[in-house]
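Each chain carries a letter (A, B, C and D) given by its place in the written order, and its residues are counted from 1.
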């Protein structure tokens, strides 16, 4: 019982991890658990072990984060690190406007790339990053965490099993009431509501809708989108009022290559009378399902009630009763952590990883086209990116 | 103890009452109860009493209906009746393609007009009926029953009381699974699924959406609509298969004059995971409500939960618990009967009745524009009718 | 990475912390958590850090408390401490009869004052303390913990948002059955039930009612109060019977300056058929709410049912179903700790703190007037204190 | 099996039965069922059979009522009837302002008297009626229906069984939200809200409180009452606004001869978070009970929970769970019908009937004193009437 375990060391520059997503999802819930759990196990004899250095612009925050996480290495000098051969992987969770330049530098230095979405503020720049990475021959991946939400994992299982027959339509509702901040603390950062700071629900969510549709159903052929700034005055956490300039709601219809029609409402100005903050209903010839973030409710053809229209009397059917909650057939780990493990296997062991900079550019493209559609009140077709 | 009650007699030609809607809603649930209840009471001393003659094309059906209802007068000779001065009001519940000609004749004969929707198969014809009626100086009204659905009546009360603050958006879902007919009996007539017979969910429902939006919120400025024939093969009640050629689902976005955005899905190919066959959610700055056909659930600002996005854990909030079912503050009579009573008061006593042929033409227009939008995958603006 | 944090040291004489309230609420749940949490944070660079000395009359209890809390400094020699310039703040949680003399001494020595309520056994003495503190120019505050009960914080939010429209009336019920002690252990100390020891529910609770009404609604203009000693014989924890001489229930009606009428029952001889030990119902033209200690149930105008009086049949309405539980929009810390933090900011940083000795004198006044009203079975008006 | 049944015929002049109470409670739910049931059975051989004549001022309404009930005799000429020896009993359910004169006439004519409350608009007049009836030697009774509400009947049983030990206090809440009428139809007649028409909740309810307290507990010694007109503008059913001038809420405290303190809120401007429209809690040394209109919840000494005051944590006790619903040990007939049967036995068979004009005068007196107390913001003692 004396087998040697081969450890694949992967040095990772963690840039921008003092922010909310970087810290909570990537550091605390993904890489630290991976490290504490002994790395990513490949097989009986091999393991991938991440080795981290924390970087950012605020030394005080970095120091605190270092103390909090026990990760000793930190620096504000990212540029030197990028030239440091001790680290082969560059991770970026900075604010969106800074990502393009930083990732470009890292590609130039031959680093593998893993980063948050959106990868850039325009499709052109996102595609440039993809081309540069391809030419440099580095590995690259972009966060597409929603794919590993338990609800969507279960939904994908139903699709793979042919539960739906032919899929006809998809209807989704995302959102909740984000408080203005005058009497109840807002739940999201203020920059989200300022166009000039890169805010807006279209930029935030349509990258997600793209890869969710691509991965669960099929490519997107055309779309129309109405963007609205429903709440025009909001308040900083300290009570200072500010003008909300970015869209806080988007009403969109998509036509997929497969002919499926997809209708998605995204809103930070709606109140939730549904099963979850995000629900996606898929209707097919043989059955329907409604996926939330973690649960899925399903209704097979023969379980479908036969309602008759008669508003004169109380509805005799209780529609929620005809659905069955899909059981948990497996444990669902944190979505970010799952994708990190997949990317580490890709980086260290060359395992396939399709969620790369090209796919990420498609997400940027969809947001860009949605904004264009909203500005011009028109339908737009989605040109293929390659 | 000698008070005389003045009775306003109104002779009504009931054309097309052997059909489903004509018989059930107009005859059995509206006019018969009115007659049996002693007419429409105006005040302590006056009452309007309808006097009916049943007409149609099928003598056998008419005779049966006469026996079933106890209404003795019936005939297949509508044309003679229209010249008969004993009847001042012409009601039409024939199939849509026959309505235009019949109503035109009745107007020409100086009859007041009350009829089912859609009033004609094109906006041009619908407007012509309106102009003819206006020129002839007859009274006219068209069924807009959804306005008196208890759920929408309650919703209108909330709007009138300022419950919502500023109304931001409206999201509605209409529909259910209409069975194909191979293994489970379909719930709707087959012609609904054939374009060539005047079928289609857009033609059927968009007249309704128009007056619902006009009456609850504001005029419609522009719309886009995706129409789909999800189920392409259906079966007659006797099992004969037929090709479904009409749209059975429509995904639409409307912009209202007031700036409110409205998103409505209508589908006969969806399964219902919501409170009712039709639900309409209204979100406003001060509160939200979800109306079904008969019930309304409301959520005031301070009752709105403050969800935080964290798909890593089970959602700790139970979203349905934050809504209050609006109590029944009054008795809600059959929607068709209420509108009949209002029209009879209009016809006999000159009380106001805004739901006339012009308003009905607007409904035909909206359906027409929706079909145009669906055919061309485009946005269309809604020209004012007058 | 070299930022200095400025620490504002505040030396506090904790007098009377071996008692139940002093120990549990002030030491264990307020100051110790503040200290362990790194003091009261002012901004990124400043913090207020309390430094405590425990004092009292019983050396043994003080020593035990020192061991239990880890606070090393303790002494029974309060008088010397009061002359000690190392301590700038005097806190008093002694029994009421000792407070006046001790606080007077501390003011004379130039200490800032923070203390439990009631501050004195008469309005005259309470006002004298206020005048002395004002003349000495020391800072002063008095515990008004009920203001930070989560239920009342939520209720205040509803008031601030205009949820109630015009507020019409307030009805409150406080109390529960305090067992006599013969067969079930009493839940409260025996002196509470002896007038000669400063007991009585009026003295105990009416200070609270005063600041609750003042802070949530408006000043108190007049009141009447019936005081009762319902249970006349009680038992010490060791089983010795004693005569209960103090009022254990008070039935009061208040008229506020704003015209709102307030009706409050306080009783240690009642059994609880309500949502909580304390509930306060506020009825307004636009809505009503019932606040408990931690939760609030609300009912908006349109959610109000329309009951009709008919005792012949079972009540068809379920009245509890028409109320919505107000969600927790923020975390609610211990009420005593919140007020300690506010007072420390007042003492160290001059931030506003309206809950001072003058306000406390008003509480003593209300209790005094209530006793006068109860003795004479009369209404009393409340003279303004200044 | 040929026993003769002796029928005691009682001719009753039903004056004022076209009003809501007269028609529904007295005619439809009391006397008609008694008649249809074969009269009031005395024993195996005797029965009392009422024989009715309907009277009032509106011939049309009387005729309709005659048709509806099948009672053939009706007239608008009450004066002649009063002289008619065919009728021995005069019943009065007219509006309050007309009762005194009518009852006086009937007494003068030697009729037995049974009538609605309040018997007169002043204690002086009420006492005069009592004196006249006593002098004339006629029998007399007044409606005190609340005594036979199932909830109060059950409560009385608990009192009689000694369930409470010594009764300490009574707390009652009566009322609900009576809609103003602008957007929701009011549930009560408009005159209730006009002082000039004899309206007001004090006049309406305090007669009831008097006999409830007298019969369940003991005589009333003193009271104070705050009267309020919370809603100052209301609307007729037809939408016409009017000024509400009468009190719509009353907050009262009573001291009973037995030393029990009673606190009662009565309000038409409150929303109901309790078990019923009227609830009365009785606390005693051995147990407590809460009576609604039909149900009673009880809590015996040993079932009483032992709450400890700690608002820092969620209340661990669920207070509603500690109460037991008292089972229905008998059938509870309509309260009005029960009292009619008792009065008929009194009239025909001389059985005791303590709820006479003297008792009714006490109710008028209590309302009068409550209004006096409210006007002067004072306590008033209740002089004995005899």
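In this section, contacts are C-beta pairs under 8 Å (C-beta built on N, C-alpha and C of every residue); 3 or more make two chains touch, one makes a residue touch a chain.
This one's a predicted model, so the numbers in the text were calculated from it and none came from an experiment.
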item	value
Set of chains whose contacts include both subunit C and subunit A	B
Rounded Å distance between subunit B and subunit C, as computed from the means of their C-alpha atoms	60
CA centroid of subunit A to CA centroid of subunit D, Å	68
Distance from the mean Cα position of subunit B to that of subunit A, given in whole angstrom	43
Residues within subunit A bordering two or more other chains	179, 184-185
Graph class of chain-chain contacts, one of line, ring, star, complete, other	other
Residues of subunit D defined as touching subunit C within the complex	29, 149-150, 168-169, 171, 173, 176-177, 179, 184-185, 187, 222, 224, 226, 228, 230-231, 249, 251, 253, 255, 261, 263, 265, 267, 269-277, 281, 283, 285, 287-288, 290, 292-294, 297, 299, 304-309, 311-312, 314-315, 319-320, 322-323, 334-335, 377-379
Contact footprint of subunit C on subunit A as seen in their complex	59-60, 62-63, 179, 183-185
Subunit D-facing residues of subunit B, complex	1, 3, 157, 160-161, 329-330
Subunit B - residues contacting subunit C, complex	154, 157-158, 161, 163, 287, 298-306, 317, 321-330
